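Take a look at the structures below.
Below are two complexes that have chain A in common, paired first with chain B and then with chain C.
Moving on to the complex of A and B:
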């Protein structure tokens, strides 16, 4: 169980006496995929580095000095770090608790819980932030009004336009990442080890702590890093909740640099340290996890038994329900109310009821149709191309097909830390002038989304591959199939639900993407998220609610049909 | 003899109208061939959408593609499209008159003399014929009468500086809105930057569009708007929302929002037809009646519950100065308010 798969492959190859075992006819495919992703990353990064290092006087550090001596800019960096740290902590706590409860215990209504976590995942953070603005604005927010009328208080219960408010909302929409990572791992751990511990006399809580937790450690650390980096790169939520209170974060500051007259040089300089930080974080992750193998599932079926929660069963369920009402029920409720009201802050009486927001959004407002078409076109294109590419890349790094494959994962994961908006600057610089002019079409966004969603698609396929022991592939190859064939006929079918998950992760990532689109759109290539942001800036609450509901409804529809096509539940592993 | 003169006059009149009709028809025909007009505008979404629909119902077969954004964003998009040689926009309209000085200087505007604009007063016309004031509005104070009593409500610009309003006020942003850019320049010229420095101490809620404060005030999230597009406050009020508008006696910033045709307009005929339409008396009257706007057209009448511009002390700003100080105004405002 603990023999590294690559070693096995080598033995097998040696056993067959292949002196030229390094030669592989499928090599060009792997090299092409690797080069393509490096190109995807290097072009915008190169653009950012060169732009940041030039001032009017030529090569200079002037931009860096300007950006890193101004207290306002430093404050923005500090805000981002603080927010992301706490988002990471909360997301890991909530996400792993839920992931574990759903997969390893007898929590009631598990399928509903999964579906609702899925719903939080699908909810674009900017939409969540918008909904929470209506729920917890200090004076007109619905929750604060309830609180005031219930307790006769003069002051507000919560003010969402604060750093804490921002952390809260961003954590609500980051924890599903951790949840899915943990749930996937917990699904795949068979109970063999737990049984062993049980035989040796450990009780069920001790097993959870000493067996299950350490086995999920890589996923926990990975989850923190993903949640941290995810929140670092969010733009919509801080723009909606931070800016009104004068709170800038890295992303909103970079966005501000682009306003006319654009200071691309400062924006570029501002983002370079972020890139360095990512390298550091990813290196740290590697160091912490070492090269320990976690292949606890092979081609054999493991069994898992559920932990009985006992008297904690219903309290645990109530806690889960409360968390999910914060991320799903309350926000969706207020969106629905705002969509059906003339004045969102007034009670939804017959007088205040209207369908006018719907007719305006769909039949009068001229941006709607075009944006919907663009959004779904981009979603399907990117998800399909992205899954394909991610599969190839994850396979390369996982099976160490190329020399330096470990470094390849840096290129693939780097977009995670590049706020979409920075990536967008790079692409903006790279693709607004010959030889390749993509600006003004949806293709510049396609490139942006493909790059940006690669880490999600990649980590999904990677972690799926990690749990599929190479022994089955090796068996196929011994019979004579080449790598591609083995991948196609053995690994991919085994990883099917993981790949479908990757497709829908990317799709959902694309249709809710805002931070790169906000810079790359031109009026003819607008997407729904940009339209929503535009509407937000003008305070068109009703129309935003309508478009938000549309975005959610279509996402759910697509997910349900993909799920139906796949014939099983794919989010966070199988139904088990 | 008298008869002859009369006949000649009638004939001349007939001739001139028929020739102008023929000209109009030719313009409509040419516009119809192009099929659409792309409009980058900072006019509020409901208003610009309504205007596009008036046009489309009058000139069937010509679609108006409305791209609404804040004035500063409209400029940003126009400039980056120009930088990438993308020819998409036909008609450009923002509330920052300085933009048109800039765009004209960069050679991005087409010269055009709309017939409709002949009657417009001097403040609504570029002497060189590149841009025309499509509408005018004010930047005003507004409050929510359900939260603030009329007698407590601010009457002057300085009243909003009172610390009792801390945490109760909302401002829009000059980095987004041309109306607010104009507002900031007008107030800085009157009271200096100390005014905004003092105002920032009240911990304002900062929104982007000059139209957004209307919703923020009406919902009660912040019951006092220290600036904002008067036409949108008015429109929101007329929809039955709790809003009262204050026009300070000492003066009100007047915002004239120009319209121009892009030099490389892909639909130049439709652009001209659309320009004629938006400046026509018919449309200018609609803007006054339905959207709560002021206009440059001398024959337009206004709703009874709106003050006449001549009864207010107006603070107009100079477009050249607006253009020159754009970056400074944004930067200092951001310094005081944090974002």
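Moving on to the complex of A and C:
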């Protein structure tokens, strides 16, 4: 049988056309990035589920039975729920009040109030807990000392090492989440909606209660859930304030399972309910916000007028100032005092003043020095790799480069519902045994941080790409540039400030991370947050304060530079 | 320059076909508009032409060479085409000069030649004074001209325009229509122009393809589309129209009911007794209060109706009437010169040339 020669030639030409012309040289990059992130997310979760379901007898629910019948473990779960519930309630009350005052009323010094709420947001909760330990510890706490000397009392005014103390401190660092959600919604409610009620005869207070409040209701419930979940996943604050009083929460209990003799199986089993609760609550929040969240509120901002508080203006400001002094001024003050004094509980006189804590922390003590180096090394590595990966992934989902790109964002955002300590349990199990052994190096922490910070990097880069019209890139391609060239010449330059912001957010997230690091560090790979935790045991108050101030200073410096950069972006508002 | 052939072109998004077995032949140097309401598949067709989308069926040929099919896709950057986008897509981080020069840089032309070509093109679109500006400092019309210059300077074989004027205000839009036609007459580049605005298509195009639900429902010169719409959809989409329903009696007469008859342009392909629609433009109806004039018109073979003025709206340059034909309680819309003024309730005669009464299909 013979095939005419011309037919063969045609067929070859066509096959070549198929193979070479259709091949997009950038395709392997997209596929590799997508597979990598799926692997990154699935491995720790898989490790948790398999470990939790195996005992010496093989596949069994034995671990779950052990964990959920022991009264001590049940008590830890109960504590977590009680604490998180009240943190949620207080955070919603405080956060929504401040959010409303700042956006809808003539409260004085609003910019300063916003900046200070931002400062509370940036403050790592474990640092706040540490500062409040110095302020309100029953024996040496500064506030208790003042109280005793002022009133000649023998007893302490407050004891921070209690469930109430824990709720108080965690609420201080959870309310900014609610604040930002409420402030956003309030800024979108146009005064037209309120005017409509006004014309029908409602006075301003009645409007606030019957129009503004119901419109913000979805955000309030959403805020409660976020604050609840935030406090549920915190490790540092309950460890610093709860453990000395023998109060365990889910996270500290998981940590305790890692102490000698380690019980990874129990830790894994104990992680699962936390994971399920988080997933469930996030799903609930999505449903609540999705149903009626933005249809009434969304769209144009519309005209806004500010409610005149009248004679309540200054009392309201004093209230706000009091709240912010609890979350910012007092803790920062005590940290600064502790950093600059020889004996932190004594008054800061010339005799007591020293810079020795700084030189000790930065130069003399190798533990802190190494930790600082490790922290910034990890911060830069993770932020750089994370931004790169997030950029690729956001580009894939935004431009629908791969089939099923929509589902990719599900994997990328998964860590949002994985508490840091649970992630660490999974990573610990996954990377301490072959084929990939990372434990003992900083790379296991790099992987942990990369996973944990992927959602924020991804959302930041995604929203940046959304603002860049795809036609800008199409315009490049149609006159002769391939996809990589288009990325380089147009998309990346336009996304620059968004990418820098993503880098900064990841960096700040990494340097303050404690709940995953606490399970993954080894003596050679300690980071600042872990050292703070360790130094507390040694009573090195001055060094902790110095490290805390360092973290805060670097964070604020970065946030301010990003804001400055965003402010001078020359084409920020332009068309196209 | 190039001729373009679309054959059986199909593109599906999920189950729905955005472009459905579309056929179109575009001659070398021809200017064709794809005209239709939003969602008719015109932009999808254009993006298929550009190579941003791959068809699920059919093929696109440029000068007989397949550039797109279900198995072949030449990427946009190797098609020798240019495109102008609805959003202009002028790069905000480059100056006007850099924007226009970019395509030439990709072609690795020497710097001196680039500068010469860019300057000539900027003069042509009257932007030479603004070469150093950033797009953020330009008006919408100026940005649009940057986009034009950028697309033309690379001397493409084919130029694609995607609703390029829809973001401009009315005056500028009118000016740019003529500008686009002028540039076409200068360069004679094969051009496909997507728009939902019939006036734009009329001014710019050699031929118009009216699209509906992913298919071309009529293709022809602007006059042909306007005067001889083939379907009810085309008649109603292009300009205002009266649609009269009736029964075809023989090749030239339609019974509207109650003894009212309408002489129409001959329709050879329709069988008598069928229900048909007649398109009668409001401009084609003449009103007169005088019985003699009406009779004279009828004597000349015009269709004659007597009716009552139901409503008059004054537009400055015209009077817009609704005339009720009592026979069938049928309302006829008529546009008359501003000097012809009749009041509501007045008896009136309406005359229409059979040549202007066009049978159209239901779809």
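The working rule: the second predicted complex is superposed on the first by the 372 of 576 C-alpha atoms of A that agree within 3 Å, B and C clash if a C-alpha of one lies under 4 Å from a C-alpha of the other, contacts with A are read in each partner's own complex, and residues count from 1 in each chain.
Criterion: contacts are C-beta pairs under 8 Å (C-beta built on N, C-alpha and C of every residue); 3 or more make two chains touch, one makes a residue touch a chain.
These numbers were taken from a predicted model, which means no experiment stands behind them.
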Would you sort A:482 into first (chain B), second (chain C), both or neither based on which partner it touches?
second
Does chain B (first) or chain C (second) touch A:523, or do both, or does neither?
first
When the two structures are overlaid on chain A, which partner does A:333 contact: first (chain B), second (chain C), both, or neither?
neither
Give the label of whichever partner, chain B or chain C, reaches more residues of chain A.
B
So, A:493: does it touch chain B (first), chain C (second), both, or neither?
second
Which partner chains sit in contact with A:260 here, chain B, chain C, both or neither? Use first/second/both/neither.
first
For A:356 in the superposed arrangement: first (chain B), second (chain C), both or neither?
neither
Does the superposition put A:273 against chain B (first), chain C (second), both, or neither?
neither
Applying the document's contact rule, which stretches of chain A touch chain C when the two form their complex?
14, 17-18, 21-22, 24, 469, 471-472, 474-482, 485, 489-490, 493-494, 570-571, 573-576
Show me the residue ranges of chain A that touch chain B in the complex, using the header's touch definition.
72, 137-141, 161, 242-248, 252, 256, 258-262, 342-345, 360, 364-367, 428, 432-433, 437, 439-440, 522-524, 526, 534-535, 537-541, 543
Within the complex, which stretch of chain C touches chain A?
50, 52, 71-79, 81-83, 85-93, 102-103, 106-107, 134-136, 140, 143, 147, 150-151, 154, 156, 160
Which of the residues in chain B come into contact with chain A in the complex?
38, 40, 44-46, 49-50, 52-53, 64-70, 72-73, 75-77, 79-81, 83-84, 86, 88-89, 167-168, 175-176, 205-209, 211-216, 218-223, 239-241, 327, 330, 334-335, 337-339
